[in-house]
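Worksheet: one structure, shown below.
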Amino acid sequence: MSRKKASSYTLGEIKQGTPCCVPEPHLQIQDLAVSYSRKTVLSQVSLDIYKGCITALIGPSGCGKTTFLSTLNRLTDHHEGARVSGKILFDGQDLLNDPVDTLKLRRRIGMIFQKPNPFPLSIWRNLELPLKEHGVRDHGLRRRKIEQALKDVGLWDEVFDRLETSALALSGGQQQRLCIARALVLKPEILLMDEPCSALDPLSSAVVEELILRLRDRYTVVIVTHNLAQARRVANYAGFFWMTERVGKLIEFGQCQHLFEAPIHELTAAYISGARG
Amino acid sequence: MSRKKASSYTLGEIKQGTPCCVPEPHLQIQDLAVSYSRKTVLSQVSLDIYKGCITALIGPSGCGKTTFLSTLNRLTDHHEGARVSGKILFDGQDLLNDPVDTLKLRRRIGMIFQKPNPFPLSIWRNLELPLKEHGVRDHGLRRRKIEQALKDVGLWDEVFDRLETSALALSGGQQQRLCIARALVLKPEILLMDEPCSALDPLSSAVVEELILRLRDRYTVVIVTHNLAQARRVANYAGFFWMTERVGKLIEFGQCQHLFEAPIHELTAAYISGARG
Amino acid sequence: MDIKNIDNRADRRLSALLVLLAGGVALLLALIMLLLLNESWPFIAKGWREGTWLGLFQNQGWYPLEGRFGMAPMIWASLAVTLGAIVLALPIGLAYAVFLQFYAPTATALGFRLLLNLLAGVPSVVFGLWGLTRLVPWIAQWQPPGASLLAAILVLSLMILPTVALTSAAALAAVPKELISGAMALGLRRKTQILYVVIPAARSGIASGTLLATARALGETMAVLMVAGNVVQTPSGLFEPVRVLTANIALEMAYAMGDHRASLFASGLLLTLLVWLLSWIAHRVTRITKEKRQHV
Amino acid sequence: MSDRVFSWLLFGCALLVVSSLLWVLGDVVLEGVAHFTWQFLFTAPMDAGRAGGISPILVSTLWLLLIALTVALPLGLGVAIWLSEFAPRNSRFAGSIGITLDILAGVPSIVYGLFGNAFFSIYLGLGFSLLSGGLTLACMILPVFVRTCESGLRAVNDDWRRGALALGMTRSTTIWHILLPAARPAIVAGLILGIGRATAETAALLFTSGYVDRMPGSLLDSGRALAVHIYDLSMNVTGGDGAAYASALVLVILIIVLNTLAQSLVDSWFKRRLTIP
Amino acid sequence: NDKRLTLTGSSTVAPLALEIAKRYEAQHPGVRIDVQTGGSSRGINDVRMGLADIGMVSRALKDSEQDLTPYLVAMDGIGIILHQRNAVSALSDEQIVNIYTGKIRNWKEVDGADQPITVVNKAEGRSTLELFLHYYALKNSQIKAQVVIGDNQQGIKTIVGNPGAIGYVSIGTAEYEEARGTLIKLLPMAGQPATVMALARGRYPLSRPLNLIVKAQPSDLARDFITFAQSPAVRDLIEAQFFVTP
């Protein structure tokens, strides 16, 4: 696999972040519940997302993992009929109940989707657009930021000579890395990733996974994945969602190793052993 | 889970089929290769599918599992630009090189797809249409066959009072079972199943899996699945596909237990331990 | 699904029958072209023999009874009217579609869409009637004679607006939701999302709708005849009357004999060739966008 | 430009469109209602249309529509089916049929009038008659109808085609029982478009179906269409304005009625077939 | 087949012929008469080719058309019309020629208000145009029009909507509109008021015959219809269409 190539990535200078697994909460979620036009799909979710750590969320299809991620950057605002209750504390602010500038919030909390969704613009414009939008007027500065972001995701060498071509002409894996670069270029604090590898072929998937691993310590990452092996490989913390009576709940949350090797809840045990789901 | 309910299924009288795992080949595939407009996606596949057994095929996304299944009932005829070479022996006939009446062939080799695809007709008409098509003119006979098929998949009790309603109004799991019933109603000899549970929620998935298990001995089943645990639970034989240089190959084939517990090939070992794919 | 393999006899027979029907379509176009050519042949041949056919495209005036057949002013007028209508209808129709799709509350959107369907259903004579009795006098108050290029453009743009708006709305609706979520997740403003993400993503749909509308504008007859003033002259200002090719046919066809009639068929031929060109462009556009999207 | 200015601009455009529409429609309604009586629908025109009603004209219009649809419907459906279900993917013939249809759809109606006059009226010797007018209209609406039906058929889920193939069903059965019903919304939409164009057409009928405002006795009689009547009243009949507006009102209402009829057909069909569970 | 008659030709005559045909049909059950417009020259052409039994022509036959026999049905005149608010109340022939040829472009040059003149002309092929050109000895290419119209009514609508416009239409049409309060006025011509009355007295100069024409040997039915159309039995129909009985 392309591990060798991956190791030549640069993610910029290494910040002396809080070492992982010394838990300092970055986001505190308390008793979160979400319903779509009165039908509750998620309830009683409470957990902390720790700074600089990768938190993996697993669980069967339809149990509300995507919905949970969307509440964190208030994308649920735009879901029709969605009602969110509970508390999400971020930087001393309650994202759900205090007045929040969602545009700024989403700059600080980036999101990557299951299906790569580059804009139908050139590669360059894909990265330039969010920068311009968030007030980076200086052309040289933009240039440097974009180059850095593309290098961070290991895409620079592959595309530096065709930055003006359409982003849609990239392969799936390249598109997904471009989307990650697009989020990184805004220097977010937290990255939400919704099954970032599940639409990719195994080769691209491995490259993207490698990249996620390299984000650890520098960013707080919350990743939803169906691939249990992947969760094990990359995460510090893991949460397991399950659906009871069509309502999603967080069944178990803890250090990744504990959850996978010594699950407390029998549903968790059944799920990770493959007996269920 | 609904195991108890599932156990009340009837699959008609139990035929005294050849006991499983006493291998008698039903399909013999020899050196099969498939290419799409000159790009080879599958090559050097040789294996036997044994009568009355369930053969599970596993492997990462894109390695050609669906393509392989499609060659067996000549659905590849309808794939754009597909060219198939090699031999598939079925009942003394070479499906690829001898003249074959594909309509009859497909009656004998049924197929179930990943996404349930009931026709946009009533439940009843979904089963009636293929019967009529294959010349079952007698109304009473049709009625009996349809009822039997619905009972076989455990759907009769759930829908007998609304056979005239749209099949699209059924839940995902019910739809998939209806599709299986639609295939069974033609009394095929072989059933090809392409990830039949992967689009279903965990509950429905369990019910369908239960049903597949009950098909063993009465039908020859080839099932593609991403869920290794599922493969282990249901299959007698298992094959592992892997992609090298963008061409899918059958890496290992053998009895299910052997493949999962004592894989010969290191790629197989890596894949089933979750380190790859 | 590819259909190259047809498994049995019944299907092959059906296929053969349908191929015949499809051939009929090709025949129809051939027949139209043939008849137009046949009817206009005396005129074209004469022009060719006498070397005057270039005169068609020169500004010698349109006086068929005096044997002068200069079509150039009408060609320019047709193009000017069409272009003007598109330039007006495209941004407004697109804005309407965006409003419908992304801004209007559901109930309002429903009402607005209904109105659009209504507008699409109004026959062109009715627009002509309205233009003749309301719009033209209104313009004349301000710049006589009123019947003018401007009046034609206004009436036409109103007529093609539903086409532009409905096709654009469909194209906008087909933009993948993931793309919009992506834009939101980056904290882009609504305006940026629409201008730089949604519209570019929908551009091929919008373009093909626009080309459809262009063909419609080029081919419209009655409404233009009723408001454009119909003076054969090269358009030189918005308030000048003009005559378009289609209106010319409708105005004179009933009266035309001999060469005059043949010249009208020749202008019909010319219009058809213009439409041919237009759909060729449309095919190029869709092919290019398709190629661009293909993965390397 | 701020977000707010942008949305006001959009709102302004929408308002502009709506107000000009109301101007046009309001005019037709106000002027039309003033001259309209129920008698108007059921009496023949007198005094060149200034007095009396429009009954023979309505009858001629409906005859023209009927002829056009009777010819264009089966023909168009056949071509659409061939294009979407039978034509080989890269066939040049199919490609050129597609281009031909696009050109035909764009050919100005007045050119169809020239063609109809030269071909049906003179060459085939049908003279000025409902038949030659109706056939001309059929040619005119055919391409639009084919294209709409074709795209409707293409939009039908491939899953169903695959399912039908795997059951060994013939293509004819699949088309008849599944694809056509599934594409019915598009077929009805094409119908609406065709009806709209045919009912509102003036230019193509001036030289084909003619000018006679008597009740047609046979299809070989000349008959005046409603749109031609409006044109004649407003352009050629002194004091015909009132009747012209009343006829315009009838024409608009006729088209709306046909429109909503077709639309509600689609809606009810959707509700009947695609019940969402 | 001798129970059916086809009339084609002048759009001026067509509405009248249609009414006459209806009355004739009512009196002769089983007879069908189809009337199609197409302009005077089409009427002549169709009769020659045998496509129509009777042609309608809204002018006198030319020398080249002596193979046909005309039957006068009614008289019509062409009048110059202005917008009612136009201060000008009379124009000489020379002034009209100058206006139509673009030498006079503003009403103030003919003692009107300071307002540009909009010249309304007819499309080629119409006999109204031919007559107008013939009377003023003009060629169509000399005319500098701002608006070209197809039929009478479009002309009237154009003038109503445009106070600076000048045009010419059938007198009957104009009188009817004037009487209904439409904002137009008819100018006298050569000292004669442009009225149906003056036309009837034969004093109005710019007048034309409305003819039905047939080939040398018309059918009995055609002959009978023409006789009917010339009889007093249709006088009220002619007047209702604002033409003058000969």
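Letters are used for the chains, namely A, B, C, D and E, taken in the order the chains are written, and counting of residues starts over at 1 for each.
FYI, a residue touches a chain if its C-beta (ideal position, glycine included) is under 8 Å from a C-beta of that chain, and two chains touch if they have at least 3 such contacts.
Worth saying up front: this structure is predicted, and the values here are computed from it rather than measured.
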item: Shared interface partners, meaning chains that touch subunit A and subunit E; value: C
item: Chain whose average C-alpha position is farthest from subunit B's own; value: E
item: Contact pairs, highest-scoring chain pair; value: C-D
item: Gap in Å, rounded to a whole number, between the CA centres of subunit B and subunit A; value: 36
item: Rounded Å distance, subunit B centre to subunit E centre (Cα mean); value: 83
item: Centre-to-centre distance between subunit D and subunit C (centres being mean Cα positions), rounded to whole Å; value: 17
item: Residues of subunit C engaged with two or more neighbouring chains; value: 1-4, 7-8, 132-133, 189, 226, 250, 254
item: For subunit E, residues contacting two or more additional chains; value: 11, 37, 150, 154, 157
item: Sequence positions of subunit D contacting 2 or more other chains; value: 89, 162, 165, 170, 234-235
item: Contacting residues of subunit E [partner subunit C, same complex]; value: 11, 37-42, 45, 115-116, 118, 120-121, 123-126, 139-141, 145-150, 154, 157-158, 160-165
item: Contact footprint of subunit C on subunit A as seen in their complex; value: 73, 75, 78, 102-107, 110-111, 113-115, 117, 119-121, 125, 129-130, 133-134, 166, 168-172, 179, 182-183, 186
item: Touching residues on subunit C, where the partner in the complex is subunit A; value: 176, 178-179, 181-189, 192, 196-197, 200-201, 203, 292-296
item: In the complex, subunit C residues that touch subunit E; value: 61-66, 68, 132-133, 136-137, 140, 144-147, 225-226, 229-232, 241, 243, 250-252, 254-257, 260
item: Contact set on subunit E toward subunit D in their complex; value: 11, 14-15, 18-19, 22, 32, 34-37, 150-154, 156-157, 172-173, 176-177, 180, 240-242
